Structures are given as C-alpha cells and as structure tokens.
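Quick one: the structure is below, questions incoming.
When the chains are written out, they are named A, B and C in that same order, and each has its own residue count from 1.
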C-alpha cells in the first residue's frame, strides 16, 4: 500500500484524503520562514534593486555598512545596550522569580503581575512615557536610560522563563542542600542554579534579543551618539530604501540565530 | 511582628519560630524588590505621569479637552475604527493560516514536529524591523514578487503591493503568526488521543471526529492565541509605519505623530491612555468569557 | 433496555510485530456469542494489542477477524459498531454527561426525542439516573466509569470491549463494579471481551479466561479449570499462588522424595514434570495419614497469623520451602504445630497437579 493510502491517526484517515492539509501547511511554513531568510542572499546582490537570485554577487553593501562610521557606531551601541540589558535583567529577574516562588508570601501574588505588566502595556505608550520622564531626568540619548528601559521590557520574559523552570524543578534538592550545611544563597548558587542553567541561558538570550531588536523605545530614547542600530534603520527606511539595510539585516539575523543556537548548546551541555 | 492571638498555651518557642520563618520569607520576598523597583520606576511611574498629563490642556489648566477631542474629531474616530478593523482582519487571517499548520504539526511525531516548530519560532529571533524590511523588499514595485510575477507572465505592470493596507496586512500577519501558532499548537498537543479513538469507536468518521471533538477541544488555545494576536495588533507601530507608506495610520502611529510632528503631549497621552484602557477591557472581557464558558457551557444532547 | 443481539468473534492467525518484538503470535481464538471472555496477562503480554485489533485501532500484520459471518479485519474503527470502554474513560470534557452518552446516537441520526429517551435509559442502567446535566469534571472516578459504560452500550452494540476499565478505582469500588459489570452483561447479553492483569478480577467475572503471555494464548478455559488444572507453569504461577516441586518419573509412575504419588485419573504429562502445590489445598495432618492422600514431610519454620487466615511455612526434606494456608479457626490455631516441630502435610489426589517443566515462563 503506497504512502498515500496508508491510514494515519486514530480516526484512520488516509494521507491521500488530506493532502490538501499537507500542502497548505507547507505553504504557510514557507511563508513563515522564507521571507526573513531571503534577505540574506539578496544582500549579496550587486544591483541597486535587490534581486533574487542576484545576477551579480557583490559585497558592496557590506562594505558600505562597515565603512560607515554612523552605522558602526550604531552597531556598537546596540551591542553594548544588549549586553548591559542582559547583565541587568537576568540577575534581577532570576532573583525576583526565585524570591517570589520560594517566599510564598501572599504579597508575592501582587508583585508578580506588576513584573509582567510591560507585556500588556502597549509599547508606544511606554515609549512616550519613558521619553517624557527621561527628558526631565536628563536621561534621553544616554546608554543608561536605554538599558534601564530595555531591562524593564525584558523583565517579564526573564521572570516567566525562570518561574516556569522553578516550577518544574524539584525544590527538595535545595532543601536537602540546606540540611547539609550551606546557607540559602550558597545552596541556591551551588545546587539549584546549575540545574536550571538552561532556563537562565534562555532568559539571558531573550533579554539580549529584546534589547538588540527593539525599535519603538529606542526611537524615542536613543539618539545622537547613542543611537541604536534599529533606530537608524527605521529612519533610513522611511526616507529611501538603502540596500545597505539588507546587509545590516543579514548581520542581525546571523547574530540572533547564533545566540539562540549557542544558548541551546550551552544550556544543555553536561 | 508575630501577630495573632495566643489561644491558650502556645508550644515552646512558638513565637520565636514564627518570627524566624516570617523573617526568612520576607528576606526572600525582598529579592524581588530590585526588579520591582526597576519596573515601577521605568514604566509604572512614566505611564502614570502620562495619565496625569492627559488631563491638562495646552495652556496648563486641568481639563478634559484632550479626551473630548478624541470623541469629537472624526479623524480620531476613524483611526480607532481602522485600528480595530486592521487588527481584526490580521487576526482572522492568522487563524485561517495558522490553524491548519498548527493542526498538521500537532499530528506529527514529536521529533519531526519539534523540528518544524523551529521554523515557526525562527522569525521571532529577528527584529520586527528586519522582518518588516524583508517584506518591503519583497513587495515593492521593483521587488521580488513583482519581478517573478512579471517574469512568469502573471501580470505585466508591477502591482502596488506595498505602501498600502494590503502590504501592511501581509507584514502584520507574518509577524503575528508565531504568536497564534505557539499557544494553539500547545493546546492541540495536549488533546488526549484517546478522545479521538473514542469518537471513532462511537461511530465518528474522520471529519466528524474533527468537528465534534478535536475542534471544540482546541478552542481554548485558539482563543488564547487569537487574543494575544489581536491585542498586539492594536498596538502595532513599526509595520504600519514602514509598509503603510503613510496611508495606514493606526493608533500607535497617530500617537507618535502627535509627539514628533505636533509636540502635542496632551493629545498623545490621552490617546495612549485610551489605547491602554481598551487593551485592559478586552483582556478583562476575555477572561470573563473563558470562565463563563466553563461554568455554563457544554452542549446538550 | 432489553436483552439484545450478540455476535461471535472468530480470530484466525492474528500476527503483529513491532520490530523484533512479536506482540501477537499467530493467535487463534473463538469467542462464543454472548459470552464474557477475559484476556488476562501481565503487561506487555499482548492482551491490549489484541483488544485494539478487535476495535480497529491497531492494524495487524496478517490474520482474519470475523464478527459473526462478516470479515472486519480491514474495516475502519468507526464502522465496526462495537462498544468500547477505555482505561481512562476518554469522556469528552467539552460535553456534559447526557451529551457524551448521546454522541453515538447523534452520529447514527437517531431522532432527538428517541435519543433523550435512550440516554435516560442508559443512565438508569448504570444507576446514574438524573446525572445528565452534570459536567464530566464534577464526577468521581466511579461515576465517570459508569458514564463511559453507558456511552458504550447506549447504541446497543453486539460486542463490548473493555480495556482495564476498573484499574483506576480503589479496591472496594472495584469489587463492587466487578459485580455490576457482570450483572449488566447478563442483562444485556452482548459478547464482552474484557482485558485485565488482575487474575482475581478475571476469575470473578468471566465465563472463560484466555491467559496470554508474549503474544500467545497459554490457556483458554473456564475460571475453575484454569485454577485447578493449569496447563503449564506460566498459568499456574500467574493464577493463584503456587509452589513447584521436582518430580521423578520411573516405570510409568511419578515419585517425590521417594514416595509414589497418587494421581487423579486421566493422562499424565510426559517429559520432565513438576508437582504444583496450592497453599490452600494442603492439609495439616495429625497422626496417621489417610491412605489415599499424598504425604509430604517437613519441619515447621514459621506460623504467621493473618487475621482471617494463617500461613504456615515449612521446609521439606529436600530443602524446598512451601506454604500452607488455612482459615484461622480457634481449633486450627490451637492444634497448630510449633516452629521446629515435624509436620505432615496431606495433598489429595485431585489436588495433585503435574505440569510439564517447560521453561516457557517469563
């Protein structure tokens, strides 16, 4: 019996009768994956109008990118902001998730939703709000201000990832550790933390990407020397479509993908 | 600090033990305070500040003029209507495209499904800006789609696929699809296969088993995904700005314009507050809907 | 609901392999119309696989399956018209009790009024009258089990399949439901195939039991014959308690510890044999042994009082350890030999069961 007529699933439907489902699924999956990927080869096309496949291959747009002081400055800013956000949001979020999970105070039920609000509030509102506050605090166009705002955005993600990791982690191990001697912080660092390592790495990567990819707040709050990559890209897009952006996009895609893959490897290696 | 009323004789050291336990729990709770401080200072206070601002007119006096303007000026009404329509359309398209894919993935063996899910999640790794730009490149007059379409002879004049509502919708759907598929896939995977076996055993053919058993059981996940997508679409900024070519103005775009072009903080903050309140109302209504479903719902014989 | 029709089931040469593992090893089985047959075996024995083949959820590699005169082996599950109760009940959570039970009737286009009537009837049958509007999550385990049963019988199938339906219930409820299920079967009369790993359950409920191990039927018999005359060591060990003693064959007779064994009439197995002892069939003899009883001599090691019964552990001359069970009446306890004393145990000829020593046990 050919693959088409073999019954699959509990209801014994054949592959033949739902081939339309397979086709539709394939189309949607392609729709999801291809557009972002297609930017990559197109960034190597020599012509002004990005084409696929490129008739002529060239690195001119990368050269443009690398040779432009403003783009390089922006890249450096974005990377710095990303790292600093990770350094701030991951420990703070992890501590918060742990503290709320273990203390089991009733107040914890109130604090957790507050930590999750950055997801619910529309980003544009946060953007103008932060801008307004920063103008008064003189934090506009500073890296500090940017990192603080991005860390706030990343907080819900870190807290959610760490909370769910703690929920599925056997806290008894920490109790056992406590009974053997060390203080709570040391027990956490030496027993619990290594076991929820994967979650920590995941939330760190999420924090980085939140900052690195962020557009709206950066648009309002970063500027001048501290302008981020995304902010400059956004402005460039509104003016005219500079193919250099394809090269920059490719670089961003590569960085993001590498980080995610790295996180998988780091988190899971034993 | 120990509180409570001692009824009769407490056990030895009871008070001290209670103090210790409470002290520890407070200390642990204190771990969450830095994060809380960050969120309060960088978000709660600024947004509250804006809320406060929205009640002041340009001349500094306290008034409701900003809100009145929202109701009176037809342009604002149009924007809200447009935003809701666009969000609803994008959500509907996401459901039409995303449900079959999620269903297909949920029926695959776990390993293969995980592999395909990477494809679903992969777009989320790159910035919204990068994805929006990709569509700009694909849809523009000299872009890929027009190029291929004309080469294949499907049409001879380049179609205007971008800088309009159509292009914006395409971009929004592309960006929102993973948010629909993830919760939907999760809830589909959780559907016990035995339900379908039971349906089949009781006489339901494949189509009937799907409509009467699988679909109803997948609705919670669909509802959650659709809700997330709808709310995110309401607040969308980047994609309409880039792909809309100035013709697609959603609430977020208007807020940004009010600030950047008109420096009208009163109007912008009022708009922002309304957007936030609408979002909260939708969330609240949705949570009631789900709970009501559990209490009264269920089909009779 | 009245007594309905039933169909016999004929299984021929049914085989199913998963890679190197033979889940069903060319099984032949005839289930009589209207009988209650249990498939009994340890986990992995193939009993559930066999049931799933009957239901149509597992496709065998080869074999024939007939319900009555109709060959159904290639028929899709939703066309087989058999009732089935799943181990976890599989009650649809998004429907209430009445909707669950009405489901098969609606699929068969039964009119609304008639559907409602039959749903009520089915609920009555399982003693859940009036529970129609309840939601599944509000029901206890025992109630869910009964709703699952009602759903399986409401469309009057002629064959009913049950996959360890009582395993999730606690002991008392389980024993109560065993009786209920049997009563329901007697009332409705459909052919019932029941899967369980609990030998007590199988013996309690069934007309016949098929003991299955490693995809093969080890013995198919009425409960009593299975218990008293197991065909092989596996069945003897799986059903009830037993100990085995080595037996010598000489000149057409069998000897244990030098003494000739008095056997029941009938053919004796050939080849190397074992003597099967059931602890409750041994009698503690005091004084002279009656002539027609086989006698085993040993030393008492321990006597354990177990409430309603006692267990006497003895060691025989050749070192074998055996147990003797009996009811702990005052007289029995008073006459009980002490640890260290010699004891004589009697085994009537009808209880002297010889089995071939095939290493076919797991």
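What we mean here is this: contacts are C-beta pairs under 8 Å (C-beta built on N, C-alpha and C of every residue); 3 or more make two chains touch, one makes a residue touch a chain.
Bear in mind that the values here come from a model prediction, so they are computed numbers and not experimental data.
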| item | value |
| --- | --- |
| Dominant interface by contact count, named by its two chains | A-B |
| Chain whose Cα centroid lies at the greatest distance from that of subunit B | C |
| Approximate Å spacing (C-alpha centroids) for the pair subunit B, subunit C | 55 |
| Computed distance of Cα centres, subunit B from subunit A, in Å | 16 |
| Where subunit C touches two or more other chains, by residue | 56-57, 76-78 |
| Multi-partner residues of subunit A (at least 2 other chains) | 10-12 |
| Two or more partner chains touched - positions in subunit B | 197, 199-200, 204-205, 209 |
| Subunit B residues within the subunit A interface of the complex | 24-26, 28-32, 34-36, 38-47, 49-50, 53, 97-98, 100-101, 103-105, 107, 116, 119-120, 122-123, 125-138, 140, 142-144, 147, 174, 177-178, 193, 196-197, 199-200, 204-206, 209-210, 231, 234-235, 237-238, 241-242, 251-252, 255-256, 259, 265, 268-269, 272-273, 275-276, 279-280, 283 |
| Complex contacts: residues of subunit A adjacent to subunit B | 8-13, 17, 21-22, 24-25, 28-29, 31-33, 35-36, 38-39, 42, 49-52, 88, 92-93, 95-100, 102-105, 107-108, 111, 114-115, 117-118, 120-126, 128-133, 148-149, 151-152, 155, 159, 184, 209, 212-216, 219-220, 230, 233-234, 237-238, 241, 245-246, 249, 252-253, 256-257, 259-260 |
| Subunit C-facing residues of subunit A, complex | 7, 10-12 |
| Contact set on subunit C toward subunit B in their complex | 55-57, 76-84, 86, 88, 90-96, 98-99, 101-104, 106-108, 112, 115-116, 119, 132, 135, 151, 155 |
| Subunit B to subunit C touching residues, read off their complex | 192, 194-195, 197-205, 208-209, 212-213, 216-217, 297-301 |
